[in-house]
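Per-chain residue numbering starts at 1, and chain names A, B, C, D, E and F are given in the order in which the chains are listed.
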Amino acid sequence: MLLHLSTWPEVETYLEQSRGIIIPIGSTEQHGPTGLIGTDAICAEAVARGVGEATTALVAPTLNVGMALHHTEFPGTISLRPTTLITVLEDYLICLAKAGFTRFFFINGHGGNIATLKAAFAQFYYRCSELNLTHAAEIRCHLANWFMCRSVYKLAQELYGKEEGSHATPSEVALTQFVYPEAIKTAPLSPEVASGFPIYSAADFRRSYPDGRMGSNPDLATPEHGKQFYELAVQELSESYRKFVGEERDS
Amino acid sequence: MLLHLSTWPEVETYLEQSRGIIIPIGSTEQHGPTGLIGTDAICAEAVARGVGEATTALVAPTLNVGMALHHTEFPGTISLRPTTLITVLEDYLICLAKAGFTRFFFINGHGGNIATLKAAFAQFYYRCSELNLTHAAEIRCHLANWFMCRSVYKLAQELYGKEEGSHATPSEVALTQFVYPEAIKTAPLSPEVASGFPIYSAADFRRSYPDGRMGSNPDLATPEHGKQFYELAVQELSESYRKFVGEERDS
Amino acid sequence: MLLHLSTWPEVETYLEQSRGIIIPIGSTEQHGPTGLIGTDAICAEAVARGVGEATTALVAPTLNVGMALHHTEFPGTISLRPTTLITVLEDYLICLAKAGFTRFFFINGHGGNIATLKAAFAQFYYRCSELNLTHAAEIRCHLANWFMCRSVYKLAQELYGKEEGSHATPSEVALTQFVYPEAIKTAPLSPEVASGFPIYSAADFRRSYPDGRMGSNPDLATPEHGKQFYELAVQELSESYRKFVGEERDS
Amino acid sequence: MLLHLSTWPEVETYLEQSRGIIIPIGSTEQHGPTGLIGTDAICAEAVARGVGEATTALVAPTLNVGMALHHTEFPGTISLRPTTLITVLEDYLICLAKAGFTRFFFINGHGGNIATLKAAFAQFYYRCSELNLTHAAEIRCHLANWFMCRSVYKLAQELYGKEEGSHATPSEVALTQFVYPEAIKTAPLSPEVASGFPIYSAADFRRSYPDGRMGSNPDLATPEHGKQFYELAVQELSESYRKFVGEERDS
Amino acid sequence: MLLHLSTWPEVETYLEQSRGIIIPIGSTEQHGPTGLIGTDAICAEAVARGVGEATTALVAPTLNVGMALHHTEFPGTISLRPTTLITVLEDYLICLAKAGFTRFFFINGHGGNIATLKAAFAQFYYRCSELNLTHAAEIRCHLANWFMCRSVYKLAQELYGKEEGSHATPSEVALTQFVYPEAIKTAPLSPEVASGFPIYSAADFRRSYPDGRMGSNPDLATPEHGKQFYELAVQELSESYRKFVGEERDS
Amino acid sequence: MLLHLSTWPEVETYLEQSRGIIIPIGSTEQHGPTGLIGTDAICAEAVARGVGEATTALVAPTLNVGMALHHTEFPGTISLRPTTLITVLEDYLICLAKAGFTRFFFINGHGGNIATLKAAFAQFYYRCSELNLTHAAEIRCHLANWFMCRSVYKLAQELYGKEEGSHATPSEVALTQFVYPEAIKTAPLSPEVASGFPIYSAADFRRSYPDGRMGSNPDLATPEHGKQFYELAVQELSESYRKFVGEERDS
C-alpha cells in the first residue's frame, strides 16, 4: 500500500490494524560513468515497494535526496547538509507520529545517509518526549540498508568478488537495470579504478576517485542479477519488517 | 531527460548546451475522501516530465513533500515547516548552482507551497551573492503552478464550473486518474461541501472542512479529462520554460 | 489604542473585551529617487493607527524592517532573510498568544513581505499546537495589504493609470507626503522607466531597475491624494478588521 | 537625518562623508502600572534623533522590540529570544555593512538588551570576516545606554535618590512624559515596592515584582524632568558619537 | 563531589538533599606570550572544585570552550559563536533540569562569556516554561565570575596595581601557576603593553594588542599569589553558593 | 603537548612543523551502578594524552559532553542534541582550520557519538569549501574509537568474553580505574543483566536496561586491566595518528 496512492480515510483504516510505515530513502548523486544519478533512490524505492507488497505495509514517498556532500564536485549531485536532513526527518516523523504511527522502518540505499539517519532518530525520539506525544515511549525507528542484507552481500561477493567495490557497485547498478531496463548506460570504463582512499571533502573525493567509482566494475551488472538482488533484499527485509513491527517487550 | 536516470557525464554534457533545469514540487497531504495523498506530487511530476520531453530539458527528482501544515490533522499528511523547506531548497539549489545551473524552473502542484517557495527564492539569491558564486547575478528561479495555467483554468471552469472548488479539485483528481488509472478511488461524497473559510490552523481547517475537500466535487473527474489537463499544462509550460531559459536582457 | 502608549493593566482590561490586535508591518528599502526609504513602514503604520482609532482596536508597534533582499543593492535598504523574519514573527506572536490574543490583523505596506508572512502564519499555528496553548485552535492571522484595498486600487488607477507602476508608486508616495509633508523630496525623474522585468537577485534587480522605480511616476503624487488613499484604506480595512475579530463558526 | 525619511541617493551622498549610523533599540514591555509599554523604545528613539540632529548623523529606524523574556508574564510584552535577536542584528548590520557603513552606534533604552547586543556584535564581526567584506576589519559597534550616561545618572540620583529604582524608573517615565505629554498615565501606586530580587524566569519575576516596578517610584516623574534627561543624554551621547566615528588608531 | 567521578545512583541520592549544581565555564584562547591557552578553563575548574569541596556541592564537567571570537586571530584559540553557545547551554541545562536540578551556579573564568551566558539564561528559563517542566518557576541560574570576587579584586590591586590589566592578567596567570606549576612559561615581555582599546573584531583586536596582552604584566605572577587568589575565590564563592541554593522568598 | 597548557606562540611554532591535532571527545552519561558518569570523557582524554606524548602531537581540550540523548532518563546525564553537536564541531574546527590545522584526529570514547561525528565531518568539509579556506581541499578528519582498537577488543574478549557487554563495559571501567584509582565504586550488581535490546528513546532505554548496563559485568574490571587497555590503545592509535598526518596522495 503506497501512501501517495492512498486516501486519508484509507490511512485511518490502516492505522487501526498497524502502526508501522516503511520509508524509502536514497540519494541523488553521481554513480560513476554508467551508474544512474538516482541509483540509491531507485533501489531503495523498489525494495521498499516490494517489502510493502509482501507485508501489506504502508510505504511512504521516497526521500530521493540525502546526504551526499562528498559527491558534490560531480555535476548532477544534489545533497542536503546533515543538519538540514535531520530537521527534515524530524518534521516528517513528527507528522506521522502525531497521526499515530509508532514504527518507522527506513529502507536506505546510500551508505552516506547512515550517520545522519542515526543522529536524526536520536533527535526525533527526544523531540517526541518534549512534545509529550501520547505514544512517545513506544516510538521506534529502524534502519535497514538493503545493500547490507546478508543475502545480498553474499550474492554480490559470489558474482563480483573484489570488483563489487564500494560505490557505483555492480550490485546496485544491476538493481537499477532491473527496474529501468530502458536506462542502461554504457561508457568506456578504465579497468583500473581507484579504491581504498578514505572519504574527506568533495574536492578530495574527486581527486581520489576521478570517474566517481570506488573500486567497482559496474560493467559486470546485468538486469538478471538485479532481479536476484531485488528478490533477496525484499525477502530479507520483509522478515525484518515483520519482526520490527511485532516487537514487544515483556513487562 | 530525467536527472535520476542520467549519469554525471551526461549532465556535464547537458550543461554545455543549457543552464536550465525543471524541478517538480508537490505535497503529501490529504485530498478528500477520494483524492490521492500524493496528488500534488503526482501532477507536478507528470507535467514536469512532459515539459522535459517537449523541451529536452533536464528534470530533477520530485520534491514530494512540501508545506502542508494546515492538512496535518488528517492522517497520512506529511509536511515540512516553512523554515525547513526554505533550508532544503537552499541546499538543493546551491548544489545545482555550483555545478553551473542558473535557470531553475519549478513546476508546482500545491498552492500551499507558493509562499514558502517565493521566500526561498529570495533567500537563495542572497546566499548565492554571499558565496560569490561565479554566475550569482545570472541565477533565476521561476515558479510555474500547473493548475494556474490559463488553459487549464479555462478547461476546469468549462467542465466543472463552481464544483472545481479549491482543494481536492476534479481537475487535479482527473490528472492523477490519467497518470494512475489503477488507483482511482470511490467513496460516498456528500453533495454539500464546505467552502469559503479562510485557512488558519490544522485543527481549524479540519473543523471547517471535515472531509478535507474545499468546495470541490471530485466525482466529476475522469481520466480523459486528466489527459486534457495534462496536455494543456505541458504545452503552456513548455512555452514558459523556453521563454524563461532564453530570457536575456539588452545591456 | 497604541500598545506602546499603553500600560500593562490597560492591556489586561482591553483583553477582557477583545482578543484582537493590529500589527503594522512595512519595510526599510529604497523607493526610487524621490520615495522615502521608510515608505512601506510609514504607510502601514499610518493606516494601522487609523484603523485602530476607527475600531478601538489595539495597535502593536510597527515592524519597520521586512523582507527586502532584492533591494539590497541600493544603499539604505535593510532586510531580514525570510527565515529570520519567520522566527521574529513566531516570537512576537507567541508572546501575544500566551497573553490571550487570538486574532492578529496584519496591515502590510510591502508586497515583498507577503510570501514570508504567509509562511510565518502557517509555522506559527503549528507552533501554537505544539505548545498546547489554551486557545491554539482559535488563533487566526489575517493579512491586509493596504495597497490592495479595492478602493485604493481603483483610485490609483483613476489618478495615475499605467503610471502607478508597481514600486515607488505615486499612491504610496502620496500617502507618505500626507503623513510627512515636511519630507517631500524632488529629483529629476527620467520619463522612461523600466517595467515588466521579473524579480530575481538584488544585483539583477538593480540592473533591471537602475533608479529603483518599477514602472512608476511618483511625480504625480500629492499630499491631497495621500489623504484620499489614507481615508479609503482606513475605511475598507476597518470593516475587514471588524469582520475578522467578529468571525465565528456555527458548530 | 532619519533613514526612513531619506531617499537612497541621499544615503549614497551621506556615505561619501560619513560611515557612521545611529541605531536606536528599545523594548516593548511592561513598565509598571503607569509606565508605557513602549517606554524603552520611545526613550531610545527620542535620544537617538536628538543625537542625530546634533551631529548630522544618519539615524536608522528604531528596533522597538528587544529581549524582554522576563517580562512576558505581563500582558502587552513582546520579546524576541536572544538567538532571534542576534540573527536579526546580523541581518540588519550585514545589509548596512555591505552598503559601506562601518560605525554602528546603538542607543539603547533597555538593560535587558545589553547582553544580547554584546553577543550579537561579536557574532557580526565574525560573520563580516567570513563574508570577506571589503572593510571587515574597520567595522565597529558601540553600545550606548542612555540611562547610564553619567549626567543622566547623576540627575536621577539628585531628583529621586533610592526611589529611582531599576525598572519603570521615574527618569525613564519622565522622558516618555516629555515626548508624549498626551500619554501621561496615573494609577494608585503602592508606596511599598519590591526591590533587590535577582531576575530569573518570567513567572518568578512576576512573583517578585507583582506590579512590574523594581524599587521605583514613577510618581515622581514630570515632563520637565524628562526634558532635562533628554538634553543631558543627547549632549553626552553626541560627544560619544563624534569620538566613536572619528576614532583612529596610529599605525 | 564531581559529576564525572560519580555514578548515576549517587546523583540520585544527591538530588534528595540538594537541587544545586556548580558549572565551571572557561575558554580556550590566547593569553599573551606566557599565559596558557587554557587559563580561563583552568581557573574556573580549580575554583569550582574548591567550592564544591567546601560546600559538598556537585560540580559538573568544565565547559572549556566559550565565546572568544575576538581572540581567533591568535593560533590555538577555539571559540563558539554566541548562538551556538546559547544552544549548548540550553541543551545542557534542560537535561539537568529534567533530572530535577533547579539551581545552576556558574563559575566563570572569562569576561567574554558573560554576555552570552546572561542571554542563554533568559532563553533557558523561557524554554523551561514552554516545556512545562515540573519545577520551571523554581529554576534559577547564577553567574559568578571568580576574577570579580571582591577579595580577589582587592588582592590583585594590592599586588599589581595598574599592571593587573584586563587580559592575560597576573592574577589569572598566578592561579594557573598554582594549579599547574609544571607549566609555568617564560618569554620576553615588552614593558610597554597596549591598553585601553575597545574590543571589536578579531583582526582589530590583534592590531590593537599585538602580543595578546591587554595592559597586563603577567611577569609579576607567582604560584604563591595563585594560592592566595584561589583561597579567596573559593571562600567568597562558597558563601555565594550557599546563599544561592538556600535562597527562598516569603510568600 | 596539551593545547590548554600551551601559549599561542608555542602553537604558532608547532604549526610550522605539523598541521595535525588530536581532539578527545567523550560523553557525560550514566555508566551503570558502578561506572563513572565521566567514563567516556576520562578514557578518551587519557588515551589522547598518551598518544600526544608518544607522537609529540598537540592535544586539544576534551569535548566532555557528547550525544547521549538515550541515557537522559538517568540523572547526571548531560547531552547535546545532534544538530547542536554538529554546530559545535563546525565552530571548533573552523577556528582551528583558519589557524592552519588541516588534520583533525578525533579520539572518541562513546559509541553514541559516532554517527553525529561523521555527519559533522561532512558538514565541516562543505563549510570549509564555502568559506574558501586556503587549505580547504587538504582538510581531513579521522575518527578513532579507542574501544574499537583491534588490540583493545581482543584483550577485552580474552579477559571478559561475553561479560564485556556493550555499555558500562569492564574494559572502559577498568581504564577509568587506572586513571582514577581513588574513584573506584562498588555496588551490588545483579548477575542478570539485560542485553540485546535495540536503542530507541531514553524512556525505552531505561525500561530495557533498568540499571543502565547493557549486558556487561563491570565487576570484572581492575586498574591493572585498565593499564593494559590504556597501553594497547595508545600504541595502536599512535600508529594511526602518524599514518594519518603523514598521509599523502601520489598526484
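Heads up, the rule we're going with is that a residue touches a chain if its C-beta (ideal position, glycine included) is under 8 Å from a C-beta of that chain, and two chains touch if they have at least 3 such contacts.
This structure is a prediction, so every number in the text was calculated from the model and none was measured.
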Seminar exercise, completed: The chains touching both chain C and chain F are none
Seminar exercise, completed: For copies chain A and chain D, the superposing rotation on Cα atoms, rounded to the nearest 5 degrees, equals 180
Problem set entry | Result of counting contacting C-beta pairs for D-E and C-D, higher pair | C-D
Exercise. Using C-alpha centroids, which chain lies at the maximum separation from chain D?
Worked result: A
Exercise. Using mean CA coordinates as chain centres, what's the chain B-chain E distance in Å?
Worked result: 53
For this session: Go ahead and note the Å separation of the Cα centroids belonging to chain D and chain E.
Result: 29
Exercise. What is the distance in Å between the mean C-alpha positions of chain A and chain B?
Worked result: 25
Exercise. What is the distance, in whole Å, between the centres of chain A and chain E, each centre taken as the mean of its C-alpha atoms?
Worked result: 46
Seminar exercise, completed: Among all residues of chain B, those touching at least two other chains are 72, 81, 87, 132
Exercise. Residues of chain B touching chain C in their complex?
Worked result: 67, 69-70, 72, 81-83, 86-87, 112, 114-123, 125-126, 128-129, 136-142, 197-198, 200-204, 207-208, 249, 251
Exercise. Hey, which residues of chain A end up touching chain B in the complex?
Worked result: 2-12, 15, 28, 30-38, 41-42, 60-62, 64-65, 72, 74-81, 84, 87-88, 91-92, 95-96, 98-100, 180, 183, 185, 187, 212
